[in-house]
Every structure is written in structure tokens, then in C-alpha cells.
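The letters A, B, C, D and E name the chains in turn, as written, and every chain counts its residues from 1.
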């Protein structure tokens, strides 16, 4: 997640510079053909381009709405995880009289968070972090989950037996929750927990399972590829056709003015690049909002959120406060 | 569900090639009439076409929004089924002390999944998998439920008596859930389950019933036919009128240029095909998102989801891991 | 609900033919005035018409979104009623040991469905089934609730005393649910039901009450009349102004072409009818989606749904299967 | 709420006639300046007006969507109040054996409804019922809550002590619910209610509190004034600029035609009034949907709803049916 | 929150006057270049500007929808807090027999409100209250939380020990809720509360935790910076390009008129400023709706809401009514 005032124009231009080069080439082609090959007839009527542009804008608008909703849903799920985690911490502290076992329940929760986080940072075929412009941009920050193995991460939180249980499971995060369920049942049987307290803890586990289901869905079911494809296709077609439309318009202005036709078509080049860059950027922003967990700069900052949960819960347990795990680089919270 | 980076242009063009032929014919008609029959007056003013195009784009945009929401709802329902299935597996393992009966509860759950899956793969009059272009595309992959009967599928999971019960019912998936309900009541009466555990299992069954209701609604109540019809109608009218508009615009450019009228109207043909193909594709993509369970390449991958649930739950029971049932072909998960 | 592939063009044209006649007259007026009265100046600039058209399309798009949401909500409520009905059936079969009393509970549920269905089929001032084009179209199918009185319908399901109770109430469907509540309480007092079973049945009754509230709201609170009015008004103004705009555009083409002015304005007539017919159809489709229970061909098929619930629940009780009550005519499920 | 087929054009024109006078003046200014002052250059290019018009239409469309959602939410809340009220009535009749005390519980519910209704009918600074055109329109019907004091209304339902309690509270409706809570607790202590019945009644009270919270939010937090302001501002600017754009277009038609320039600019006047009236009406309709409880003709009909609840619940208690309190005038239900 | 009829035009112009100066400069540049440098060819075809304008309007429309939804969610959360607070007050009064301890529970609730309020008023990098135009506007009113420390605020409500506990916590508001949880458990153990009453109070605490999670999410996760950035970028580009488009259109009108070219381009300047000011205002209004808790004039009035909760609950406890804390200045409720 970007945390500053927002992007600067320079940063944005840098990020999209490869596309700008391409668009410049596209814009130069009709100008060169007009000027040197005499293909003055090679234009597309502006009305056609305009209709295309309106359609692309509409289509991109609806896409933005939909990817925004995906992001919102991901944020809501993690916000619920934060709430439930705090409830979990408070209940463990207050309901489990034995502080060692209370601590174990809280730390096993951190293991669940780590397992879930590592699972969400896995790569998917449709994600975009490996595109050239994103790789470059990603040099500015580090994705903690790609630098530390899950094994190392959960070793900090649970004993070897639990760790082995979690790591050997097909569904690691889920297994961590199941371990919590078994432990609470054991505490109930041993009389450490009374039935009401047990029910409260079970409710939290159920809620965490539900939220895990939500974030897994967002991770595993991409924004429909057919929608993403047709949007990008439209934008590309528009970028292809636009320069031929713009040169026609500018040439016409030149004729009307009677003086400066040669100059006018060259004035069309920067305008053409500007406009097609705008549509391309709209598409790019939509694309980068699609997958809220891939480790991009616009994602839900799950590393930071987990770090804050850990700090909050340790604080509740009375431990000396630790530095939040996900520290921030370059105005980007991950 | 498409799982790769997305569609390639080649693949998309191939999929829509029949329409492209048709659009090419439509685009040639006015050009031929202009050139050889001298019907130079046979044009439609571009403003009219433009207004039509804007309306079609808007109408298609709202339709995309609505069919996307159908898809989302189907994904959410199946995501809840995944969560509830795992909860079911965990509860059966942990609460039912007799491993044979726990296994029976889990396997009967697989029978429910199979019954539900087969029910969702049934054909409906408004579905589109039987359209020529989809039949062709479907050769790339196999729909498991159309190759294996439900009888064979559930024989793997439940004994003959339960299988007969399920197969003879009008509402097979529901009957499987009812069997689960009766079995848990029996376990409660026999003292295998305590009341709290029984209540937990009942809650899961209730949740599964609710989600079954949601997916059945999406299956049985189509995207309103009047909306689908009027959208397709608009797109067709636009594709019909567009070439007459474009030829007028290009002819006008030719006149303005003073030199190349004959050539210009032929330049209008590819532009006309391109633009009308775009609108047609928008309509096609909307159409293919309407029914998320018919077995198309953009559907919710229910076969794979069920396979993964099966693998997860068997893993929980400590069984040797099996290959997930719905294996993937050609970047398409079903 | 339409159940086939969808509407055919012929059917749609037939349904809207009255409007087409009107639009044809509107389109002929300016052509006749141009040709015979020499009112060649009587045009509206196309830009004005275009702006109007864009506004109408937007306004119609948002209306479609809203009426679609009404329809969706109605579908969801009835889908929940289906789910809850099946749960009711299963609970009655499994929890009530006396089969006669179990059957009575299930059959009283059918009486509730009948009462609710009849209530939803009542006419409201803002509904459109009595418009000429809908009356004509409605000859193709029968609305069961308008042919059989509620008295006859519930006589099949409950004894005379209950029937009298229900029919004499101001809120018949609600009274049927209240009877269920009283009966379950009696069963609890008599010890036929244990408290947990009683609570389960109460939960279902509560859910049915909630869903009844939802469908009654959709029935009794129309799509805001001010929105419906202003939309139709816009479409009518557009249809009025459009021919004057189109004739101007075509006349201009005629002048530019230099040869065929007389012919061109007549070419504008079919184009004008086509375009205004499209907007009019958009409005008509929106209007026909507004009220999902009035008995039109695009409604939620409540008669069929009730028939299927009845068949499912009788099947659960082990009764010989009956033909589903709402049989289908002409691709329309009611 | 309008209950008839909808508005008639005459009624709508009458309602907006003040604006029409204003728009007529605005449309005459450029025509007079052209004709008599020779300011033929005083026009705005149509492209500029068109762009403005599209923006206004979009902005008005989104506003309509949002105010519609406010209305929907208000309808849903009141629909839930209806359901909960009926549940309350049924529970009181069936669970409280002493008919006098059951009746008291039901009648105190009417007092709550009255208090809530009066609270919702209070005026807010951003409401529009006091605008000239609404005052005039409001002569057609009566707002019961402005003619009868709350004191008189609740005196019909509760004894003097309860009435005093309610009227002296800062939060009158809430106090009525609190009284219900205390009474049910008293009934529980006295053994009139068993714990399960008590819990059921508490659930209903909780639900009523929640719905009261929803309707109070809609009443007290207006549609954001900045959105409302900018929308109205846009419409006004458009209405101001439009006549200068239209006169330019019509004058151009006159020149092209060569004959009738003088006449043409006067033809622009009615067109200009028509178009700007349409945008102004769109804004007006949006404005009148913003506040669903202020007593306008498009509001949620809370008086009638309360009257129907009262009739339903008295019917349940076996009382002779009374005429529903909110009787209807001129197709408007309040 | 603005509470009056809405903004006045004068106020709005004053608020945006800095932008107007800038837009005026931008509009003068092409006019000056035309007039004095003879750069009559330096225009942008209007079609290009129009397409840009439509895209910007669409993009701004969707943004408005999304920021409006953020605001709505914030309002709903606070409305739920109001409802739950009242329930809390009613339960404390009625269920806790010892009035001193009841009062303590209610006053600790005020401490929670204060902690939450202060937390929400903290600054975030992406908030806009520190922009020049907002600082100026903010002189009209006072943000209570920036003038009184949390320490002072909660000292009014809780004893020193609780205050220290809350202030030393990382998550102050949460700690206040945890204190409530511990106190209710103590009351349960001491027999002051019966289990049912305890459960009711726990439910309210759970609900408050949930709503706190929602408002914290809205506070801590901004409207996606990439969306905000691209929107503002589009508006700026439009404002840059628009004057060059408008001057071309007006110059053309001048040529057509044959008389007044020099005058016409100067007529374009105010029109240009007007139109670009409109788009800029749309962006500004969107920006000011993004963050509903930063202390701006369009925010959710959390100070006033808290003041009203306090007054309501003190009224319930029978205390002499106090003046609501958040008194209103200049039609703005905070």
C-alpha cells in the first residue's frame, strides 16, 4: 500500500516509461508516412476514434469498479482478521489462567498468521509482479515472505511438534487453526476453560476460518481473465488507431489555417502520446489493483498488518514491545 | 476458469473467427455498392452511428457489471463450501472418536459434492456451451461430469444403501445432506457425539444447505433473458449500421483529400470489421460470463475445487494423498 | 421467467408493434413536411439530439441496474424460501415421530405458500400487466392464481378450521405461519418435540417470516414512480425529437452528394424508426423488470417454484410423486 | 409514496412551472440579443455544451443511484419493522397468557411507532419540503404527524405514567423500547413468561432498536451536501450555457438553409427550454429522493405503514378492525 | 458534516479561488499567444478535448461512487455505535442493580468513545486537511480533539488507574473495551449480574469491537492512492488542454461570423475557466470525501455524535442534562 500523499508524476512516468517509448513510436508512424511518404490520405475519421475512446473509457471504468471491489473485500477480510486477533488475544489473557498456556495460544496464532501470509504471497500465473516494469519498481522494497522461509518464521512461534504438523499439511494455515481447536478442547477437558469461555474461543476460530476462506478465494480466483483480456485489447486497439485519427484532425486544422500544415501534424505527435498514455495508464492501474496479495505497491499491506497484530498481542501479554515486523520502505507498506 | 496469464489474441481471434467472417461480409456490402453499383448516397450519418455506439457501450457495460456479479456470487458460494467442508473434516476427525464413522461422515460429504456438481453441470436452455464456437473450443478440455455418471462417482464414497437413497431422490444433493443429518442424530443418540459437537455439525450442515440454495438459484434462474436479448439485439443493429456509417466518413475524407476516394472506401472495410468485432466481442464475453456452471472455460472451476476439498480432507484423515480429481488441461481449470 | 434461449426478434417485434406504428408516424411527419410542405428548415441540430440520446442511454442504464437489483432481491428471497422449505420438510420428517402430525406440518407449509403466492399475484396500480401489449402477450400462458381461488387452493392442504383461520385474517400468509408456531408449541408441550427440535423449527419459521417481509416489500413498494416517470418522459421526448434530427442529417448528406436529396430524407425514415424503437425497447424492458411478481413473462416463477417445493417435500414424506403444479407453456415459467 | 400509475405530464409540468418560467427567460436572452442587438457572435460552440451535458448526465446518473440507495435502505428498514412488529404481535398473543398484559405490550409498541414516526417527521435544514414548489404541491395531502401532537397520539396507546416517561425523554422512541424491555423483565420475574419466550421477545426488541438506528441515520445524516451542491451547480451552469449553444446551432442551420435565419433562432427557444427543463427535472427528482422521511410525495409511506401494522396487530388480538390510520389522498400514501 | 441547506456559491468560489487563479492563467496563455504572438495555429482539435472530457467525467463519476461508499460505510459504523451505546446504557441501568457500578460502566464507555475519537482524529499522510485551501477553511471551526488531550478527556470519565491502563496501551480504545470486559466478568463472579445479563453485555462489547474494526480500517487504509492519483492527473491534463481546444472553437466561430475573430477568442477565456473549474471542483469534492474522519467539513460528525451519546446516556442515568459536547459552528457539525 502506498502510504504517502500519493504518487508523484515523475515516479509514474518512470514506471510507465517503457510504454511511453512504444506509444511514441506508434505516434510517429503516421506523421512520418504523411510527411515523407505522402500518405496524406492515411487517416481514420475522428468520429470513429471518439466512439472507440468512449467505449474504452466506459469499459475501463467498470473494470476499475470491479477491481476496486476486490481490493475492498480483501481489506475488509484483513480488517476482520485484525479485530478477531485482538479479541483472541484479550480472551486468552483473561480466560486462560495459566499464563504459559495463554501465551502458547497467542503465539500459535502468530504461526497461523505467518502460514496464511506465506500462502498469500505465493505466485499465480495471472499475477503481474513479474512484468518488467514491476520488477524494476520492486527493487525499491523487500517482500519479507520471499526472504524468509515459513519454516524459519513459525519456528519463532511454536514448538517443533506443532511446526512439523503445520509444515507437513497440505493446508498449512488451516492446520494451525485446527491445532488451536484441539488445544482449546484439551483446555476444556482439563477444566482450565469453562464452557462459556470455550464457546467464545471457538467463535473466534470459526470467524478466522471464514476470513481465511475469503482471502483464499481472492488469491485463487483471479479477476476473470476474459474481462481483463478484452479491456487490455480495447486499450491497445485504441492506442493503435488514435495516432491516425489525431493526425487527420491536426492536418485539417493546418488546412483551415492555410499556413502551417507541415508543422501541425508534428504537433499531433505529443498530443497523441499524451492521450494514449492516459488510456494505457488507466488500464495499468486497473491491472495493478486486480491481485491484492501479490506483493505489489498497491496491495493490502499484510506483512505490516501481521506485524501490528503481533505487537498488539504481545503488548496485551505484558511483553516488552517489539519493533513491528513489517517496517516500511519508500512510502510503501507491504 | 482460465488460469494462465490470460487469453492470447490468436486464441481469441480463432474463437471468434465465425463472427469475423460475418462482419467482413457486412463491411463489404456498402463498399461494393459504392464502388460498383454507384450507390454513393447509401450511407448513414456518423452522428447516428456514434449515438448508437455510445448506447451500446453503456448497455454492455451495465450487463458486464451484472454478469460479473453473478460470477462473483457463484465464487463466494463455492468459497464458503470450501471453508465449510474443511470445518466439517476437522470436526469429524476431532469430535467423532470412532475413525470408521468419522471417515464415513467425510466420504458422504464427497458424495454430496459429487451430487451437487453433477446437478450444476446439467444443461439449461439458455446456456451457451452448445453454440458452435463453444463446442469447438470445448474440444480442448474435458468436463469430467459429462464422462462419468453420478452413480459411478458416488459409488466410490458411500455404501449401496446410501447411494440408492441419493440416486432415487428428486433432490439428490439435498438427500445426501439429509443423510448426514440423520447420521449425526444417530451418533448423538448413541452417545458418540456430545450435544455441543452435534450442534457444531448441525451448523455446518445448515451452512451447506444455504450455499446449495445459492448455487441452485444461480443455475436455475438465468440472467434475465429480456436483458440478454436486448443487449445482443443492440450489438447486432450496431454491426449492421456501422459499415454504412464508416463508409460515409471515409468517403468524405477521400473527397476532402481530393485524390483518393476510391481507395478510401476500401480502407473503411478493415476499420469497420475491427470496430464491430470489438463490440461483438464485448457481447460475447458478457454472454460467456452469464452462466458460471455450464462447463465453459470462464466458469467457476467446481470440479477442481471438489478435487481439492477431497484431497484436503483425506489428508486430514491421514490417508495417502491422492492426485486431485480435476486435473488441468490447456490452462483451463474446470 | 423466460426459459428458452431467449426472445426471438419476431416475437419482440410483435410485442412492440403498437409502438412501432406510433414511431413510424412520428418519423413520417418531418419527411412529409420537408417533401410536400417545403419545411426544409424544420430540423433539430444533430448535436442536440445526440446529447439527449446520451443522457437517455445513461438514465436508462442506471434504471436497468436498479430494476435488475429488485429482480435479484426477489429471486434471492424465493431461493431462501426454497432452502428453508426443504429444511422444514427434512426437520418435520426426522424430528416429528408421528407421521400424521409431520404430514400436517408439511401440508400447512403448502398452505402458507399458496397464501403468499396469491397475495403476490394481486394487482397494484403501478403494475403493467394490464397494458394492451401485455394483455395480448399474456394470452400465451395462464396465471394459475387468477384461475383458482385461494380458498380452493388451501382446502387441499389444511382442515376446515385452519382454512377458516387463514382466510378470515387480514394477513393470510402470516396467519399460516402463526398456526405453525402454535402447533409446534403444542408439540413441544405434549413432548412430541424435544426443546432442540422445537428451536430448530422456530428458526425456520423466523426465516420464512423474514423472507415474506422481503417479498411483500418488493410487491408493495414500487420502483419509485418519479424515476420511472422521468425515464419514460426522456425516452418519449427523444423519440419525438429524433426524426427531426435525423432528417436534417440525411438531408445534409443529400446536399453533399449533390444528387439525391429527395431520396435521402426518405432513407432517414427507417433509420429513425429503428433508433427510436431501440430506445423505446430499452425503456419497455426496464418497465417489465420493475415488478417481479405481477404475472408477466419476466417475473420470478413463483408458481413453478411452489410446485417444485411441493413435489420435493411430498417426495421426502414418501408420497407418490405428483406432477409439479406450475406446468410450463410457451417457454414461460410462472 | 406515489401509488398510482405514476405522474402525469400535466402534474409534472405544473410542479416544475416556476423553473420553466426561469428557463424560458434564459432561452429568450440570446435570441433577443441576436435579433435586436445584433450580437450574432454571442454563442458558445456546441461541442463545449455537449461535453458539459455529458458530464452533467453522468453526474446526475450517479447521484440518482446514490439517492435511490438511500430510499431503498429506508424501505428495507421499515419493511423489517413491519416484519418484527408482526412477530411481536404474534409472540405477545401466544406467549403471554394474560390478555390484558399482552394487549398492553402490543399497544406500547404502537406508542413506539408513534414516537419514531413523529421523530422522523421533524424538519431538517437540508430538507426540501419548504421549497415553494413543494409547499404548493403539499396542499394536496396532509401530514398526519404535523396535525396531531405526539402527546395526543400516544395517549391512545399507553397509560399516563408511561406517556410521561416517553415524552420527558431525550430519545422518546428509544424510551418506549426501554419500557418494553423493563416490562418483559418484570413478566419474566413474575413467571408470566418462561425464559425462552423472554429471549424471543428480547430478540425482537433488539431488532427494533437496530432498525431504529438505521432510520435515524438516514434522517440525521443527509446525502452529502457537497455532492448535492456540485450536482445542482452543474445543472445550473448547463442551463445557463445551453441557450447560447443552441442558438448557435440553429443559426447555423438557418445559414445553411439560406432562407430562414431569423425564424431558426426562434425555433431554438422551445428546444432550449425543453432540453434544459429535462436536466433540471433530473436534478429535481434526485433532490426529492434524497430525504425519504420529510413528508414529500416520494417518501417511504411511514404513516400508512404504521396504520397497517396497527390494524394487523389489533386483528391478531381479536379486536374489531379499525380503519387504517393513514388514509390516502390523491394517489399519495404517506 | 455540513448541516445547512448546503454550500453557497460564494463560499464554494472562495474555497476554490486559488485554483481559479491558476485556471485563469492557463486560459489566458493561448489567448495571448493567438493575439500577440500570432500563434493562431496553436490549438487542439475539439474532438480530442471532448473525448478527454468524457473520459474524465466517467472516471470522476466512478471515483465519486467509491468515495461515497467509504463515507456511507463510516456513517453506518457510527450509527451502529450509537445504537449499541444506547443498548449498553439501557442494559447497565436495568441489569446492574448497584447504581454506582452501573454509572462506572457507562462512564467507561464514554472513555472508550473519547479514545476512539482521538485515534480517528490523528493525521495520516494521505489526508488533505493540511492543504492550503483546507487550512484556510478550517479557521471557521474548531476540532475539539486537537484542542484537548485524550488524557484530559478521559480523566472526566474513569479513575486514575483505568486512565493509566488505557493511556499506556498501544491500542487505547481497545484497552477501554477490554476493561469493560474484565469488569463485567467481575460483576458476574460477584453475582451482581446473572449469566443472561452478562451475555447481553458481552454481545454489545463484541459489536463495539467489530465497529471499531470497521472505522479503523477506513482510517488506516486510504482510498487507493493509484486511483486518486490517476484521477487528479486526468483532471489536470484536461485543464491544461482545454483552453487550447476552446480557443480553436471560438476562433472558428469568429471566422464563420466573419466579423469578430479578435473578440471571440477573448470570449473563450471565461468559458474555458468555467468548464475547467467545474472538472476541478468535481475532483476536489471527490478528494474531500475520501477520508471521513480527518476533521474536514464533510466528515462524519464524530464529535457531535459522541456528545449526543453522552447526553442520551446521562439522561438515562437520571443525571441533569448536560450541553452536548460538540457544539456547532458555521453550519458545520464535527
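We adopt the following convention: a contact is a pair of C-beta atoms (placed from the backbone, for glycine too) under 8 Å apart; a residue touches a chain by one contact, two chains touch by 3 or more.
This structure is a prediction, so every number in the text was calculated from the model and none was measured.
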item	value
Both-way neighbours, i.e. chains that touch subunit B and touch subunit A	none
Same or different residue numbers at the subunit D/subunit E copy interface, by half rule	different
Geometric centre distance via CA averages, subunit C-subunit B, whole Å	25
Separation of subunit B from subunit E, taking each centre as the mean of its C-alpha atoms, in whole Å	41
Of all residues in subunit D, the ones touching two or more other chains	47, 50, 54, 58, 61, 65, 252
Overall pattern in which the protein chains touch one another (line/ring/star/complete/other)	ring
Successive chains around the closed ring, taking subunit D as origin and subunit E next	D, E, A, B, C
Residues of subunit A that touch subunit B when the two form their complex	40-45, 47-48, 50-52, 54-55, 58-59, 61-62, 65-66, 125-126, 169-171, 174, 178, 181-182, 185, 195, 202, 206, 209-210, 212-214, 216-217, 221-222, 224-230, 232-234, 237, 241, 248, 252
Contacting residues of subunit A [partner subunit E, same complex]	1-7, 9, 12, 46-47, 49-50, 53-54, 57-58, 61, 64-65, 68, 71, 75-76, 79-80, 82-83, 86-87, 90, 94, 196, 246, 249-250, 252-254, 256-257, 259-260, 263-264, 267, 271, 274-275, 278-279, 281-282, 285, 288-289, 298, 300, 311-312, 315-316, 321, 331
